[in-house]
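Each of the two complexes below includes chain A, the first together with chain B, the second together with chain C.
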Partner chain A sequence: MKKVTSFLTNNIAITILILMIIIATILDRSFLAPANLFNVFNQNSIKGIMAIGMTFLILNGYFDMSLCTLVSLAAALSCGLQNQIGIAGAVLVSLLVGALVGIINGFLVAYVGINGFVVTLATMLGCRGLAYIYPNEKSIVAPNMSFLKFGIGKLGPISYISILYLILMFIAWFVLRFTNHGRNTYAAGGNAAASANAGIDVKRTIFINFVICGVGSALGGILYAASLGSSSPALGWPDMHMLVIAACVLGGAKLSGGYGNLWFSMVGVMILGIVINIMSITGAAPWVSTFCTGAIMIAVLIADKLITDARNAEALKAAEEAFKSRS
Partner chain B sequence: MQDKKSFDFVRFVKSQMLLVAGIVIFLIFGMIEHSFFTQSNIINIFRQIAVIAVMGAGMTYAIIGGNFDLSVGSLLSLCGSVIIMSTNKMGPVAAIVFTLFVGCASGVVTGYICGYLHLNSMVATLGMMNVLQALTLLYSGGNFVSLDNPDIWIVAFGQGNLGIVPISVIVMIIFCVIYGIILTRTVYGHNVKAVGTNPMTCKYSGINDNWVVMTTFIMSGLATAVAAILLATRGGGAQPTMGLGYEFDVITAVILGGADLAGGEGSIYRTFVGALVIGIMKTGFVILGMSVYYQYIAECIIILIAVFLDLRAKGTVRKS
Partner chain C sequence: MANTEYLLQMKNIVKTFPGVRALDGAAITVKPGEVVALCGENGAGKSTLMKCLYGSYHADEGEIIYMGQRVDFKTPDEGKEAGIIMVFQELSLIRDLTVAENMFLGSLPHKGFAVDWKKLNDDANAALDELNSSVRGTDYVRDLPISQQQMVEIARGVALGAKILILDEPTSSLTEKEVAALFEIIRKLKAQGVGIIYISHKMDEIFEICDSAVVMRDGKFTGQFVLKDITLDTLIQAMIGRTMDNYFTKANGVVGEEVLKVEGLSVPGVLKDVSFNVRKGEVVGFYGLVGAGRSETMEAIFGVRPYSAGTITLKGEQVKFKGSKEAVKKGIGFVTEDRKQTGLLLPKSCRENMALAALPNIKKGMFVDEDKTLEIYHKYEKIMDIKSPSPEQPIVLLSGGNQQKVIIGKWLCMGPDLVILDEPTRGIDIGAKSEIHKLVASLAEDGLAVIVISSEMPEIMGVSNRIYTMAAGRITAELSGDEITEENLMRNIMVGA
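Right after this comes the complex of A and B.
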């Protein structure tokens, strides 16, 4: 029993997920139907893909505000360029634009030394301007049907996008777990100065993570465009990046860096998804799900804080007792 | 200390780089389009920035205290609906008091979460943003609300003029001056700066740092409530999505004003100049007949240049 409690308090994301599933089932039995569970997963896989990039960045101690408008810019480019250079070309260009924004962010943060919040806020505004100016403030319908077909296509109960999400999750997990870059990310996020002294190229690590996050956001934008068959300049504005960051934080990642887990970020995305799903099943008023999202975020932070405090106090007490018994 | 008697012009200009940049942008727009220099346009610019400048004054406190307040956008929507609907129900005076109370109450909650529970302000205020947005939808029923009597005196805040100066501009100036005086001339203001620089030191020197952080959020909430009164009375109605995205405009103004996001540094005057630059660009692109969205690209470039110059002046740009 003690093992179970310590597991649940150590992995608070899992606890909340279980709680959410129980509450959702009580509210409506049809939540647990396999079709609905797959539905939740499919609906949130795009957000999950963006959360992968954001997790890399949060592990490194930064976050990317430019995600929300980069999404709409990439969506507009991937739809608008299809007539000129075909689907593959349009997708490639969108990803390159995402990488370019990531490079700008990464260069200014890592090598010039400007505050990450300021840089990504600035590029967020810049991308917002481009996302409106490129399509003349209109939404663009993707001319090629196979784009939409990929976006809404399914293999059995799982959508193609979800399959892509799972593949990317495994790749990202492998990178974080088994490559130098992944270990460097954790190390640099935990203590940048110590990592630099240990010979890790902290600047390059930060730079690469910003590029990963930029490409991830652009990919998210492309997939949104694919699943809707069109792009809109208002896609993602004003709080997409906030939802993604919140999902990572719900998954237990610390914004100060060095602490977090890719799979728990996935759990965080699904927690937010379950809130929206159960509200739409029960037909609650729109304000309820917004309220619950906010309240859950604050409650999780408070619970995490209380647990950490209690654990620290316990450790202190144990240390004092050990000291007393020795002297 | 700087010698106050000898006036160093070069140093003065250097310290006012942003204002100079704003004037240069203003002149460039004016040279392209002469109607930019008219009195009505200049008044229009000030009327436009009233909301951002007032909210920026509050946000400056939160940022100097070392925290972000991302909930101001939703709080603006909430207070906008509150002022319109409560004016209809209980008259203007009670409505104003109630709106200011709502702003302060939201500040107390946010401040308690960030100040006393020491949660990360970024995520905690993000949660508050959702909660306040939900309350707005609940309170207004998700509908556009408008004044029953569009000629009631409260609309003077948004639409009225005193001579040629709009009342909203007068309110903005008085409000910013009061906030500026509190920040620079009172013990409390110095406490805010001290807590933003180093909360631990403050705690050990007897300043109640939790309380000070909480009050910065109350200041921010109060400012947002005042801004909501100005914004809602301008059109005589309020959308539940009225304040969407305003938090970024406000934070942009504060950053342009050179506040240190790590806390401890910033001034109301410079935030005001930051808001002014945003206002000039916003109006300028409209008058030139270009898409408003060029303004965002211009803002992006100006923020990066301003912050880069600021860093270089402090000598903290990394050599690489």
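Right after this comes the complex of A and C.
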């Protein structure tokens, strides 16, 4: 029993997920129907893909506000460029634009040394402008039907996008766990000075993670466009970046850096998804789910703080014992 | 020619920073398998010398001969590569990584382009086994107590193939049992021919584990002694014996009633049973090494650090402040150690900075009475001889000495009974220092009770009527009059904690 409690307090994301599933089932039995569960996963996999990039950045101790408008910009480009350069070309250009915004963010934060919040706030506004200027403030319908076909296509109960999500999760997991860049991300986020002392190129690590997050955001925009068959300048605005960051935080990632887990970020995304799903199957107004998301986050953060405080108190007690034993 | 008897020889090292000659002919030698103590007061230049060795600083003059070759490491990385490993007092481990990763940070073993976790953990465990540690490579650092974290740092040195291991105050957070274990490890490394530089203030430990001791004073080399040939007294004599400068002014006022009485003050892990008193008209000094608990004591009195036991009596009334606001109201002024972080609003003007603490008292309706703040500024500008082109000069543009005067003025205009000055002359040039010292004396002569914390021995001896020494969170002595000698001070701050 003690082991179970310690597992649940150490992995608070899992605890919340279990609680959410129980609550959802009580509210409506049909929640547990396999079709509905696949539905929840499919509906949230794009957010999950963006949370991968954001997790890299949060592990490094930063976050990216420009995600939300990069989504609309990339969506517009991926639909609007199809006539000129084909689907592949349009997707590639959109991803490159995501990379470019990531390069700007990363360069200004890592090498120029400007605060990450304000830099990405500025690029967020820049992208928002472009997301309206490029399509003349209009929605663009993707001319090529195979774009939409991919976006809504399924293999059995699971969507193509969800399959892509899982593949990307495994790649990202491998990168974080087994490559220098992945380990450097954890180290630099945990203690930048100590990492630099150990010969890690902290600036480059930060830079790369901004680029990863930028590309991930653009991919999210492209996939939204694909699943809708069109783009709209307001896509992602105003809170997509907040929801993605919230998912990572619900998954236990610390904004101070160094601590977090990719799979738990996935759990965080799904917790947010379950909230929305419950609201829709019980017929509640959509903004109720947003309110509940906020309330759940506060509850989780308080629980996490209490657990951390209790642990610190224990450590302090041990230190006091040590101090006593010497005098 | 290079002498191969020595693993390391540092000769005549000079290092200057703007305005300070931090090292002025410093030296040390280490033979293979020798444990060399490096001792001296705070600010004697011990860490600067070590930084010059492992590549964090670059010496201006002098030579470093390591393993028979003249070396000059440009970065800590180069020093590390060559086998010179520093174990810092503040641990530099990353809490949320495993022990093994921390040990091989920046040089993880690879298989192809993937990190080879098995080899990483095996290598880490091998080094930990060598030190008889129960810590495993897969443990997370955040779950380890401080003492074991230190073990990990040492194991890192072993795993990286250290030829010289620098330990900075390694026992400061260890229990007696852990100290014994550490010494066991040191003996083991010694037997393998590793040279160890042991920075410490604890004389009993130095005599137990070290073979020789280098004494530094004011950035200079005073001697390297073979410890079995000398006594504790010889070592202490070598550390002091400085000629006293005579620019100090001691308060010569009438000592009146007791203003502050502290009894049995304890803060878990920081302070233990601290008792002292301060009277009207006297300057009471607190002397000790960094980390001895002097600032922490004052913070507890000032209401910004919770304490678990003890009573504080201010002007006959028992008090326990819940925050600095209450303490200020009751007549305590606290000039903190770190001006820039906790004392000043840097971009604001001299006038605004000085009136800061008094703001609640000088309101005109809802707003601050600006004329009143100017009045206050002019009053104290004259008293303390603040040299500023105008009251509106941003304080960041003043010299350290003048900044400090503004801060002191900030508290004086509150009409306090007790003023606490924590390292009041840190980073202030020598002329301005003596002005601050005069000011301190005049405060006491005007009837205030004054507490001064300083790590500089001449300063504390020069300004205090009475001195409490502290070591490891406890008061170790109270000295006054003729008892205030360098030897007494040195002895009492270095009693084994």
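Brief remarks follow.
Here, the second predicted complex is superposed on the first by the 317 of 327 C-alpha atoms of A that agree within 3 Å, B and C clash if a C-alpha of one lies under 4 Å from a C-alpha of the other, contacts with A are read in each partner's own complex, and residues count from 1 in each chain.
In this section, a contact is a pair of C-beta atoms (placed from the backbone, for glycine too) under 8 Å apart; a residue touches a chain by one contact, two chains touch by 3 or more.
A quick note: this is a predicted structure, and the numbers were derived from the prediction, not measured.
Contacts of A:187 after superposition: chain C is touched, whereas chain B is not reached.
When the two complexes are overlaid on their common chain A, residue A:177 makes contact with chain C while staying clear of chain B.
When both complexes are overlaid on chain A, the residue A:38 reaches neither chain B nor chain C.
When the two complexes are overlaid, the chain among chain B and chain C that reaches more residues of chain A is B. In the superposed model, A:258 lies in contact with chain C only, and not with chain B. Looking at the shared chain after the overlay, A:150 reaches neither chain B nor chain C. In the superposition on chain A, A:199 makes contact with chain C only, while chain B stays out of contact range. Under the contact criterion defined above, no residue of chain A touches both chain B in one complex and chain C in the other. Those residues of chain A that touch chain C in the complex are listed here as 174, 177-180, 183, 186-187, 190-191, 193-195, 197-200, 258-259, 315-320, 322-323, 325-327. Interface residues of chain C, counted against chain A in their complex, comprise 76-77, 80, 92-97, 101, 105-108, 110, 113-115, 117, 145-147, 173-178, 268-269, 272, 472-474, 497. Put simply, chain B touches chain A in their complex at residues 70, 73, 113, 117-120, 122-124, 126-138, 142, 244-245, 248, 251-252, 255, 261-262, 291, 293-301, 303-304, 307-308, 311, 316-318, 320.
Against chain B, the residues of chain A that register as touching in their complex are 63, 108, 111-115, 117-119, 121-126, 128-130, 132-133, 137, 203, 237-239, 242, 245-246, 249, 255-256, 285-288, 290-291, 293-298, 301-302, 305.
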